[in-house]
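One chain, chain A, links the two complexes that follow: it is found with chain B in the first and with chain C in the second.
== the complex of A and B ==
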């Protein structure tokens, strides 16, 4: 198991929006968050939205203070995520098959010959 | 870890043993091929910058440059059409179609051009193309991302078809496929991409169309390829607890089929069960069954059994476990041959 830091940048929250204002952080440095947990509320020229966490991990750094304007593409938050060496990630679609101990219900009778 | 047994009884040549997954083994083979032959080109959707959706081409563009390893538009027909043109101009293309279900839009190029060109030109334009096709189910992917097209390709004159079942074979068989001057459809079993195994990176030392006995046994032969080999080995391990010794024959090449190796195994065990993911009707199991019947009819103690997918479209993810041959279905078929 290894740890890796991942920085999440502010996505385009609408069609062609260029920036957003941080209203309220819902996490702090050192917090452990799950994927899709509420991360931060931001306000764009269209609306205020809560951005869900794209990762499960520990918050290492918040790159903007509340009331600060963040351009799209600028760092928003850095996570420390745990990367498992033995649980490979599937491609873009599909799941890595779980290697379970094979089971069966059918019992065989050896042939007479 | 199943011991690898060479059907011919010859010693496999010594090569260092490394632990690799199939995706890494295929990557290694591609690296060897790109390095040894400047005419080898690797291309397809996302194979370059991204390194492939299954990481199979990871790092190749960086190492060999974007003229040898490159991304294509999302157009399978164009990918295979480009392979034809490149092959006619002396290149050795190794295109990837990202998922087997995406091969259908390219069927015209594959069947009407790739497979026929050598015949059409009386050998003036051979097609040394190896189509890498992540194949079969087992990863619970959405529709069109899991298919079992081997019978379609095996039925097409001019194509060779191969499906490795483990990382070691994946390496060796890809070297063999790409170095062949004939077009080869190389079907990578997605469900087996990730498991790491100790691998001997062997140079090909057997002719194209050689099968392999993965596990010896005397009561019946399980015939399989791709991901089903692993399932058959699991079934054989469980059958052994009941005192039934199943031989597992990995066909490897689905065109040409190793009729001789198949007959030799079944002549010994007198019973055969063929296992595949594709639907039953007109699947390759029928071909295997016919070959066994033609070549060792008098040795058979029971009719050849087929354990296959069902005659329905390949189901989307959640229904896969009900569709794919299970260990119980395999063992039931074995029991039918034992009791016949």
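== the complex of A and C ==
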């Protein structure tokens, strides 16, 4: 099993809104979250919403403080996610035999402390 | 869609059955003025929180809102019309009894449902709501034109996609024609919760005391942003599952 880090940006919340204010993080750095678990509570000029986690993983970094205004598309949170070695990989047809499985762990970005 | 037998107005009601249902009373979520079930509750994290408890969620779009019919005459928006919509929806879904959770105008309607159909409501959670007349000082011929808290709410919601400002104005006039009265108080278990900065919910604590219920204050939050607060969700979930 390999790990990689993935950064999630503030999604388009609709209605032509270009930014949102972070009200309260529902997670902290180091927490393990499941997909669809509450991630962060934000408020726009139209409504207050809880954004669910798009991934299961460990929280590596929060990119905004509470009460900070974040533009749509700006980094919100970085996850470390586990990537199954059985997942389909580009250029490989079928499964790699177990004894040939690479032991090297891939980390695309050092964890941010 | 279920139809009110009295006037033929049809409303949409979501019925969310959890993957591991608890043997519990379903929860009826009643949204606030100018929003919808999806916007008020689903987007604010409530359906996930209740699903995690194994609770079945019933989520109507109130008349004049969301995907429900939107008559433009204020004579269609008296409290008993909303209550008739709700009992018709519960009948269609085969649900005898619910816990009713409201936000703002939805709390007023939860109160009305519990008062007029006590056999159908086990517990009531009134969020973002107080006994003060929300329409005091509002020019009802042109809601949104003044500077009361309700005018500000009206301006905020009138332009949301899917909303019909004429229907919302009619809804405001219908509701205003029957000011809320806290007497007689509810006799079922009651939770009242509001943001500490919520002007619309002035007097919420006194309303809780009047019903012998519990009051929960959400620190630092106002009328627009208490609804998504974790403190509020947790307080209501504890009240419903205790």
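The definition used in the following text is that the second predicted complex is superposed on the first by the 86 of 113 C-alpha atoms of A that agree within 3 Å, B and C clash if a C-alpha of one lies under 4 Å from a C-alpha of the other, contacts with A are read in each partner's own complex, and residues count from 1 in each chain.
The definition used in the following text is that a residue touches a chain if its C-beta (ideal position, glycine included) is under 8 Å from a C-beta of that chain, and two chains touch if they have at least 3 such contacts.
What you see is a predicted model, and the numbers here were worked out from it, not measured in a lab.
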Quiz item: Just chain B (first), just chain C (second), both, or neither: which does A:23 touch?
Solution: second
Quiz item: Is chain A touched at more residues by chain B or by chain C?
Solution: B
Quiz item: For A:46, is the partner it touches chain B (first), chain C (second), both, or none of the two (neither)?
Solution: second
Practice problem: Considering only the touch criterion stated at the top, classify A:15 as touching first (chain B), second (chain C), both, or neither. | Solution: second
Exercise. Check the residue A:38 against both partner chains and state whether it touches chain B (first), chain C (second), both, or neither.
Key: second
Exercise. Quick one: which bits of chain C touch chain A in the complex? Just the residue numbers, please.
Key: 35, 39, 43-45, 48-49, 156, 160-161, 224-230
Exercise. Name, in rising order, each residue of chain A that touches chain B in their complex.
Key: 88, 90-97, 99, 102-111, 113
Exercise. Enumerate the contact residues on chain B facing chain A in the complex.
Key: 21, 52-55, 99, 138-142, 145-146, 190-191, 194-195, 219, 234-235, 237-239, 242-244, 301, 317, 327-328, 331-332, 334-335, 338-339
Practice problem: State the interface residues of chain A toward chain C in the complex, per the touch definition above. | Solution: 14-15, 23-24, 26, 36, 38, 41, 43, 45-50, 52
